[in-house]
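Below, each structure is written out as structure tokens.
Common to both upcoming complexes is chain A, partnered first by chain B, then by chain C.
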Partner chain A sequence: MANLLDKAREMMISRRKFLGLSATAATGAALLTLPGCGLSKLDANEATALANKEGTWISAACWHNCGGRCLNKALVVDGVVIRQKTDDTHEDSPDYPQQRGCLRGRAQRQQVFGADRLKYPMKRKHWQPGGGDKSLRGKDEWERISWDEALTYIADELKRVKKDYGNRSILHIGGWNSQITEMSRTLGLYGGYTEYWNTNSFGSWSMTPKTVGFWQLGVWDQTVNDRYDLRNCDTIIMLSMNPAWSAMGSSSWHYWQAKKAGAKFIGIDPYYNSTYSSFGAEWVPIRPSTDTVLLLALAYVLLTQDHPVLNPLIDWEFLNKCTIGFDADHMPEGEDPKGNFKDYILGTYDGLPKTPEWASEICGVDKVQIEQLALEFGKNKKVAFLCGMASARTRNADNLPQLIMTIGAMTGHMGKSGHMTGSTMHATSGNGGPALVNAGSNGLPGIANPIDDTINANQIWDAVLDGKYNFTGKGSFVSADQYQPGKMRDIDIHIIYHSGGAILQTSDGMTKGIEAHRKVDLVVSHSQFLTTNSKYADIVLPVTTEWEKFGGFLGGTLVHSGNREMILMYSQITEPLYEAKSDQWIAMEIAKKLGIKEKEVYPFGEKQQFFNALSSITVVNEDGETYGPLVTITQEDIDKLGVTGKPQTGKITYSEFKEKGVYQVKRYQGDNYGYIAFKDFVQDPENNKLSSESGKLEIYSKKLADTINNMGFSKIKPIPSYIKVVGGYEDTFKDWGNKVKDEYPYQVITPHYLRRSHTVFDNVKWLQEAWVNPVYLNTKDAADNGIAEGDTVLITSAYGKILRKACLTECMRPGVIALPHGAWVDIDEKTGVDTGGADNILSGQVPTGQGVSGFNTGIVKIEKHIQTKLIPDVEKPARIIL
Partner chain B sequence: MHMQSECVLGQCKPLIELRMYAYGVLYRTFLEEPTMDFLNFLKDDQFLKFFPFQDEHPLIKQGIELAVQSLNDLDPERYERIRWDYTRLFIGPHKIPTPPWESVYLNKERLIFQEETLNVRRAYLKYCLIPKNIGQEADDHLGYELDFMYQLCQLSLENTEYIGSVLSDQKDFLENHILKWVPLICKDIFIHAKTDFYKGMAICLEGFIETDKKALKELIDQVKLS
Partner chain C sequence: MGKLGFYFDMEACIGCRTCQMACKDKNNSDINVLFRRVKSFETGVYPKPDAYNYSGSCNHCSEAKCVQGCPTGAMHYAEDGTVQQNKDKCIGCQYCVWNCPYGAPQYIEKSGVVGKCDSCKDLRDNGENPACVNACIMRILHFGDLDELKQKYGPNLVNELPILPIASVTQPSLVVKPKSCSSDRNYREKEV
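Our next item is the complex of A and B:
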């Protein structure tokens, strides 16, 4: 065999080539070293120190909109996470549960350190100022560009578009609220922007509850008592709820204590989900979007079977004292007494009594089961009537929260121990009451948006394409200025700026959304991966995750941030990856290019913001009434952080809080932290007026009807009533009378799915493998269409087509398919079919009522698909299998 | 002692120089997107044509031939295609088919910044070398690992007293790191690359690291003899 040492001496030409470079440099080698490229030299002492670094456990943010909020920790050695753990700061018990992370939190490393993290700003190859070849959005080539280039392109386009078309032509989307992202500060100072709004998780709970008085503690889901009181209930009736999947964290643990205490569970839902099966619930298999119909029939049974002595089902005292509009004697002044709820139910004036038989034809629940269900609500049972908002994330369900309230009011299940009625979901599911720990504030002054244009999710893409929309008020679904009488407006959008969120993916009518994105001059997107927003963008900006920031807090509010009993603090795990920058940095740099002073956007930096938020956290005292500061901060802490502030005394030191990562109030049976919703109101309605105009629970609400009817999307009555749902069950028929099915015979719902938190985590391999994201079909429906387990199914609606593999189950009621919410779109450009299984490819732009995004309203057809065999998500794209 | 070192160096120098040439070209190829200057340098100065060891390993010969051919008629359009190929293979923004980090190939979860990264970092730190943006850029990028070998070659030429231990560390790094995953990514690049340039350089790389294993053995034996 040839000896390389010898051969090397003979490779004269190559050596000469190599050394010949020395004519112009010290050694030939130098020319091959270019500045900024390759490994650099480090001081020897520093090198030794780095090499010997040991691992520390650091509280790692888990910041997702997952329905939970838990403590996760990472063992970090010099920016590398060796492994993770969850809450072990105290022993776990029903009274004092740990805040334990779920499969997604434990897969967080895979998200932060995914090889596919966006590392550099990138520009679509065929984009030019003005748009370039817009048709290539979503299928173009890309180039890496510098931050300065990226920010300059963006700033120049903003200037051009502002000058030629005005600030209204900038559509700024940040997620559910355009004002919550950092860019909203810069754009607000630059003259403003058009906003996007939707009802997102809340459906018709967005506006209805506050209007009718079904409202406590300033939010939609606190009409439910605290978790100890659940154990006092005999019966827990759940409507469209799945805390086992949608409210991870301690929620299911709390319901489980009620089960152990002997509660019986009933689940009203098209899908017999994991929650119902865990608690051995009786199943009431209802068709999607027909909950109003079922509940109207329950009211009928209660009314017709109630007898004050022999069969007391209705709490008349409660109705008379606490509500208006139930019967002719309790109608508000100035309204026609005939419009009362009781006569509507009995059919006194419309000749249609809302009987179980009438209801059964529409909602699919057997009429005998409807009667039996009604009896479960009787006033003398201790009943918790709870719902998730899935049933209200449907069209034409604007009266549903009011109707749920009505059933609870009729049967007196409010304002006392062992009784509760209302929505309960997300991090506070099964655990009502004021926050025992209140998050602080970073102290940044708000920046208003001078523009008032705000476009609802059900119109947004049409508005971009057609140039007009129905303006119903400024701001998000919680804005005091929303839900105004509607007025048509012209609108001419030239820039779509996604500063956060996943709106192209999660908004109704994605097919139109993609078309809209291919119309405008510029699409910008901030993201950590090539999400749907970024896929269809011109310029993508890589942003940091919370693991790459100095630190922050999670929880401490009742608004989907964490449960009431604790607050989390997280710290930096690793340096920003590659060229990823924080949203604040981007907002500031663009501001500079637009001629706005840094101090106007951010009067102080991220560390000071962190300190402000830290020092203003408050926690309840043992009396259960008063609050005091949570964190003890010393002058040394302040100096070390390099911020301005004063020392203070609290319940936990800054260093202990940082190390532990959580502060949790310890609860026990009989403590001072209990909560009975509506207690004060029920005892003394006159002096504890509710949020409604009348101050009472409005079973008849003129305000509700006027507000919705003036918005201009569709009409309702002041009382809960039957309204045919657009795209609901009735629309699966071309001949309702003879029950002849039309083109789209199945209803589709889009439940939350544990692989993801909405759309986040969809690209994580572990989770793709564990949760395969099929379409769930009833076994018989599948057989009717020749579909077997694992077959690829083509699902078609009036708006688009998608592919998913079938999972057959008896837990889905016949006539309904369930498509997990949040899968990233992946359109096969040749066929136009989405192979990713995106829920919103099947949905359309159909505004109704208060502007509800009807994610659980949809009709489709299903077919076995043999043309292409769908690759399992975990195997896309073809890569080495290790 | 001095004479001995001189003698050893004399024997080893040519081979080390050629290895340095090879690693130099290879690390530059995979560390960053190609600039027009770099491709011209490879082409016009015939740096690619005279890449060493082509007769020693068929893959090196094949790879170089393919790569040289791909640089014929290097006009702006062809340059763009080569540049987009690099972006698509190693940067993004889509899922990258050939993630160029050791940890992705060696750990089950296919992530960057893992224990494997730390092990590579420690190997660099022994020589006071780190990526310029440490903590932000993963140390076990293919380009950095090849650069490490390049720098150690230079070090062994400049510090003949320690040539033995430097060569030994090179051998360890080659066997415990590079050879564990680079053959896999080379095969992947060959499948997924759309330009002959990267297909060729991947084949060449695969052949060269095999050759270097032999080269290091010979060099170390030679040093032992003295």
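Our next item is the complex of A and C:
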């Protein structure tokens, strides 16, 4: 690093590239923590000089899976980014808010120009074709190699493995879906690859909602009304959600408008988090993985205390008209009437009424509080019953979305202003409704994967190690084809190819994952830093960030992309840093080495793709129903871009869009853009059928039960019912009856954390300083284990050990610890203990139900650790390689 | 016309630290240097805990101890009444660091001088807001004429809290809309 500029000069790189490098120098000044970084002397003067010059604000990508989607701008002076800002393109108001970004976006330049950016293609020293010394993965030295060497190694290994073992032995992982990355094109054309699938953030919301009819606008989290209507609620009941940490952008501000309008907040959660404390929520402290039990008891209270005149709690008309399976009179044809939900709740046939007393023993909520909570749902109040998906990222929770729907249906909180029920998360949190701006398409034809092998996250590493897995179809978690009857298959993986994502870090069972990575012949990883995927790889390819690309778009769809009201366009901030290349370039070059024609992979280039996406964006018209093109494009624009296309007329010119970086539909009271979920259905269920087989909300769903039971991971019933959770609260005991605790007496949850977006940004020192990443312990639990504030805690599960500093808090439910999700693993090879605090070191590979990853189901023990001193993350040296 | 200062609505602060990061970005601050800093506090006990956040910076006090104690005149009042620092005059003696009860001036090892929040005077001179103000995703930080801020956001505003020094010492140009739990003297700061 010390002689980086000299190296740069030696390389005779272009002026623009040099300026990109200067930018690194400028931010290096801020990164005082860079050990041995000689650049700081250079840039103090340089930064001052630059600060006095005129610069240009360029719209900059902020592209992460962060729970927000916001406008980010970079002030570029002489090619160096000296400052950032967010949306100031229009006056700001609650009705028409600016798209303001969060602290992570503000630190984006620290990431892009970080001294720990990978500079060159690298090879692990002791790797050789076939694997070399595989045990050294994760601890070997790195050697710089040329792009040609790197791509040749990869292509040769792909050829060898394909010839010897077939395409099935190539495991290609691209984040949440193997088919979304550029390399899927090349590998698809090369005969295919084995895929990885998981339920990701969605847990049992992946498949259950569509099956039972709890589904609007083609997705699982648009069953809540729009943000204006949130202000009409009397009570907002939140089940395991924390928009303050997991939905940056304006979501928390939208909820605050409801608070200002008088809404009462209630939070059902093991952790009294920032959202609840900020909104003054009443807290219902529940144990993790026990929400089903609580909600069953709520149903019991509603049923037993409902009185049509004296205490009207249940909306019987709604149940009668809109649901099936609630009671014996509304069971689907051919099913045993005794299997209905109401009789299950009352214990008519199993002799076990699901009373608050029964629930309290498991979920830990006081029975009186359960009764009070049930009354809050009463049908005559305007209630929003909202949840994130954290409670469904648990094992054996496949009926939970169905049960949330059932509670909403019982109390009639659907289809009307001020009433709503369902999950609401990420960039659309608190703001349901169809996208008012629809993203365009880059026009690239898809390339299919001829291989159908697809391995669930909960079996992926076991499959690599043991050679078998339960095949349940393919298509990723959003596809019905993924949930087919299970069949055991043999599999023999020889290559793990990470073309994106952070799956070794974010998938269940990282300890096994590392073992699996140390088994195969070759591990390839594309990345910008020495991420976990790359740390355990053999060949690492440095890829560009979005700031180094020509440009692109963010938002314009409802799923994990943006809020419904806007679309962002970003432009290039810098030339590619060092030798970084785009994923598309890599996919193309490897294709060429495999004998595949360039045009087969990409029939046209990145600029044409950009133009296609630009010209096909549509925006809603004032009627709130029809859509037209968004962008006005002239022949001059087309000529300047050097692309093929036709001029068109829209609502904003290309140049204005580029300059502003955002197009936002102006919302105002009385506009035509409001949204009441299920409105048409509730008014006329017969003519507005839902996605379930019956077209109604299915409190009894044979299809749900059959689908899951046939997959072969674990069993459920057609109605929401109590299932003992594998690795849940009951498993913290060796003697449940006498309440004698076992080896792992505490439950652990893994909340999203504002230092990072899943794993992204975890290496940024400014963010490490702002959020120190402790483990949260209830004060009493800590005292019971001799742990004081700031002590180092050793947390042990059946799967691994981690170290974190203790943050003692009264906001955690006793018996539960919270470990922030996404910290980069940092294993001390002498002890085998992870000093980074990676959540998935503690998790195991335990598939249940629809293949859910149970990130919030886990049991551990905690101990004070005095053997070694844990260095604060911010003081650890950055991972600067070469 | 009153003094210029910051308004902070503690009630709506979710503690995200975006203001802190915007400040860090604007000032290109090194690690361990935070001209604006968000701290998190907890009160009460399980199952009725409460929590609040405080976003603090230089309060541009009327009786600024940093100005009074500065031997070189580096710390001074600007024409608009805010407390500014002339870096060329700073000798890094750190009297201001010791004198300020709010911990606003911070010694920067690399340069050997002190730095602190200048309320983004360069931006304000251009008619813009301080970086932290325009960054806040809850829109609860404002900067301006304190009398006007009090009129707009009053009446229950304070300039001292159990977590803050007594206001009479320096007369901070600060108005805070407190959260009720922030009056609890039995608070605990948490490194979240």
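Note that the second predicted complex is superposed on the first by the 821 of 882 C-alpha atoms of A that agree within 3 Å, B and C clash if a C-alpha of one lies under 4 Å from a C-alpha of the other, contacts with A are read in each partner's own complex, and residues count from 1 in each chain.
Here, contacts are C-beta pairs under 8 Å (C-beta built on N, C-alpha and C of every residue); 3 or more make two chains touch, one makes a residue touch a chain.
Keep in mind it's a predicted model, so treat the numbers as computed, not measured.
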Contacts of A:448 with chain B and chain C, given as first, second, both or neither: neither
Partner chain in contact with A:575 - chain B first, chain C second, else both or neither: first
Touching partner for A:766 - first (chain B), second (chain C), both, neither: both
Contacts of A:86 with chain B and chain C, given as first, second, both or neither: second
First, second, both or neither for A:778, with chain B first and chain C second: second
First, second, both or neither for A:261, with chain B first and chain C second: neither
Touched partner set for A:285, first chain B, second chain C, both or neither: second
Shared contact residues on chain A - chain B and chain C: 27, 29, 32, 40, 44, 47, 82, 109, 765-766
Interfacial residue positions of chain B with respect to chain A in the complex: 11-12, 14-15, 17-18, 20-21, 24-25, 27-28, 31-33, 45-47, 50-53, 55-56, 83-84, 87-88, 91-97, 99, 101, 104-105, 108-115, 117-118, 121-122, 124-126, 128-133, 135-137, 143-144, 147-148, 150-151, 154, 184, 188, 211, 214-215, 218-219, 222
Residues of chain C defined as touching chain A within the complex: 12-18, 20-22, 24-26, 28-32, 34, 38, 42, 44-52, 109-111, 131, 134-139, 190-192
List of chain A residues in touch with chain B within their complex: 2-5, 7-9, 11, 13-15, 17-19, 27, 29, 32, 34, 36-44, 47-48, 50-51, 77-82, 109-110, 113-120, 122, 125, 141-144, 530, 534, 540, 574-579, 763, 765-766, 876-880, 882
Residue numbers on chain A that touch chain C, as the complex places them: 26-27, 29-33, 40, 44, 47, 82-86, 88, 92, 100-104, 106-107, 109, 244-245, 248-250, 252-253, 256, 272, 274-275, 277-278, 283, 285, 754, 765-767, 769-772, 774, 776, 778-780, 790, 805, 807, 809-814, 874
